[in-house]
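After this come two complexes, each holding chain A, first together with chain B and then together with chain C.
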Partner chain A sequence: MKVSLAGVRAVRGDWSLSAEGTFGEGIHLVSGDVGSGKSTLALLLAGLFPQISGTVEREGIATTMIAFQFPEFHVTGPDLERECMAWGVDPAPVLAAAGLTGRMEEDPLNLSRGELKRLILACMLARDHDLLILDEPFSSLDCTEKERLCTTLSGRKRGITIIFTHEQTHLPRINRIWEIAGGMLSDRGQLPSALGHWDHAPAVVKNLIARGKIPANISQADLLEAACRT
Partner chain B sequence: MQDIRLRAGAAAFLSLAAFGSITGAAIVFIWWLVFSHPLTVVKKMRMVIPAIILIGFFGFILELTGGGGFSYCLRMTVIVLIGAWMYIGYREGEFLSLGTWLLGKEIGFDLGMIAEMGMQSLELMVSDLSRIRQAQELKGTRRGLRNIVPAGSILIHGALRRADETAELMAVRGYTHGGSYCPKFQTSGRDLIAGLAALCMGIIAFIPVSEFFILYH
Partner chain C sequence: MITAERLRYRTIAIDNLRIEPGITSVIGPNGSGKTTLLKLLAGIAVPESGTILVNGVPPRNTEVGWVNEFPDRNILFGSAFEEIASPLRFRHSPCAEIEDRVGLCMQSVGITNLRTRPMQDLSGGEKVLVALAAALVFRPQVLVLDEYDSHLDGNRAREIARIIRKSRIPYVIHCTQDAEAAVSGDSVIFLEDGKVRYAGTPGTVFASLAGTVYYPLSWRCRA
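This part shows the complex of A and B:
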């Protein structure tokens, strides 16, 4: 199971993004500045953005799902129960996972953005997608929910998960780091060796590396272990 | 048309003429064909075709139930075409210029700014709609009338939320009313010809054909 990009170029006005590389099974983290092209790459990987040149090959991928930054875009149901059903999931456990038990009859658009984000992510993660693309999944979530999402994502046993985020504190255990800079996607490699040349690394990671304490991964537990290492 | 004053004036006048009668709609349609670069309008504003189909559908229902649907359909189609021509010619800031020129730096500035915000909101709604469609597609929802309602709710909800946030931000930054602005306009020869033609066609549309020929003889 993999997604391969060969000589891919996406253009929007004067701006362009070039991408090359292979996303295999596991969890990938893509970082980059605002406006660098993270959302465009997310759409491109999901097959929703027409690249101007190159090829995007998907091998062994039967189901693809993308979570947009704004959860409102995903809503189709008039209430929470029917929204869950529209995703093909059982409402009761999913609403419980999203912390929305007993609110089945509420209009999804009346939820706060954080609550709606929780609901949409819970619906998505309740199903097993081969390719799961998450565009800024941590935005609008509080620390507890971010950590809970990290635990869920770290527990994904199969498929390709690609996370596009600015998040600096709460991150799941990941397999590979990618960066977008100067209109180009770069593969920084697998962890922990990728950490040394990760330009957008959180300050705490940079600090630990500077002190010679290279964390095994970037989850809170890994960072804590590295920090406490003697 | 580069000059927003002429474009807005022509659009308002022609829309009224088209709404007034089928003859008016036919005359305005001829103007649209000659002066609006029709192919560019349809290419840039792809929603025109679905909008006309929708009008056609309601026109058909109206014709079946009470009559007058055919006339309604023709007149509204021409108004939509004029609206599309007006919309694709929009350049950022020109409604602010128009409002300030027309009604001054108090109420004119406010109205112009509201129109500018409306246009920005429309652009955002177009990009939001594209995301909503993509999300619906991935969710396995079939395209159709049933999905127009949730998409419409999301768009309206989003637009209201953005308007609310913008209003709060402006209030926090001390905005009360009016503002200082010196509008500038560019008027080409073609603008004047198209504007004059719109005026003539509008007048012809408002005067009954029989009276026009009596005056002529």
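This part shows the complex of A and C:
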């Protein structure tokens, strides 16, 4: 199972993004500055944004799901129960997983942004997807929910997970780091060797590396293990 | 000073809260009432009972800059320039002054490249930066920011925090899920179930949160 980009170029007005590389099974993290093209690449990988040149090949992928940066873009149901049903999932357990039990009749657009994010992610993650693309999945979630999401993502036994995020503190164990800069996607490689040349690394990771304590990965457990290493 | 007394509004129940001038971070679980409290501080919502006052006057009687947690809900106009100019135009500022101040503000926030870009074409982070510039351009007394940092990369978030600090706006109140950002402010309010559970300096509030997921990772990694 893999997604391969060969000579891909996407254009929006006078801005463009070039991308090359292969996303195999496992968890990938893509970072980049504001406006660097993360969301555009996320859409392109999901088949929702056309490249003007190059090819995107999906091998062994039967189902694709993308979580948009803005959860409000996903809403189609007039209440939480029918929103869940629109995703084809059983409302009761999904609302319980999202911490929204007893609120079936509420309008999704009246939820707080964090609650809405929890709802959409719970609906999405209630089913299995070969290719799961998450655009800023941690934004608006509180620290408890961020850690819970990390656990859920780490528990995916198969498939490709690609996370586009600015999150600095709560991250799952990942397999590969990518960065977008200057209109180009770059593969920083596998963990932990990728950490040394990860420009957008969180300050905590950079500080640990500067102290010679290279973490094995970027989850909180890995960072604390490195920090406490003697 | 900002004061709230016997404040009741929807889930919010705050008997006594004092916010000194400076940068205050509001943290807490999803659904704890952070956005509701921010709306009260901005004058977008009015208390059902009790009072909230900024230097003795209601928020609606003072100049407040506001950035919504839903980036698209900040947008009224078609281009970044029009959006940032709008608070000055609503105040009937002279055209030349508007041109100058919007230009300086865009430069300060680092978005001069967005000047003529249609708002609908901007990324989430860029929309937040435009909204932030629109909130800063008229130099409000109170700047209320609802999780603006969750859409920004680490470097940009730190740069914006520096710009906000330098702006010398008397009261900056921002909601964040980033404990590292909250640490760098002057005071922290931890909300839970609509009530203030802890309030004070970052040192005292986070000492109370030691052992929880809200405790800053950088402090845990200092060992």
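Everything below uses one rule, namely that the second predicted complex is superposed on the first by the 230 of 230 C-alpha atoms of A that agree within 3 Å, B and C clash if a C-alpha of one lies under 4 Å from a C-alpha of the other, contacts with A are read in each partner's own complex, and residues count from 1 in each chain.
Convention: a contact is a pair of C-beta atoms (placed from the backbone, for glycine too) under 8 Å apart; a residue touches a chain by one contact, two chains touch by 3 or more.
In this text the structure is predicted, and so the values were computed from the model without any measurement.
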Simultaneous placement of chain C and chain B on chain A, clash or fit: clash
Chain touching more of chain A, residue-wise (chain B, chain C): C
Which of chain B and chain C A:W87 touches, first, second, both or neither: first
First, second, both or neither for A:A6, with chain B first and chain C second: neither
First, second, both or neither for A:I52, with chain B first and chain C second: neither
Touched partner set for A:V75, first chain B, second chain C, both or neither: first
Contacts of A:M65 with chain B and chain C, given as first, second, both or neither: first
Doubly contacted chain A residues - partners chain C and chain B: 70, 72
For the chain C and chain A complex, residues of the former touching the latter: 28-32, 34-35, 69-72, 117, 121-126, 129, 147, 150-157, 177-180, 212-214, 217-218, 220-223
Chain A - residues contacting chain B, complex: 43, 46, 48, 64-66, 68, 70, 72-78, 86-88, 109
Residues of chain A defined as touching chain C within the complex: 12-13, 31-35, 38-39, 69-70, 72, 99, 112-115, 118, 136, 138-147, 166, 168-170, 200, 202-204, 207-208, 220, 223-224, 226-228
Chain A contact footprint on chain B (complex, rising order): 128, 131-132, 134-136, 138-141, 147, 150, 153-154, 157-158
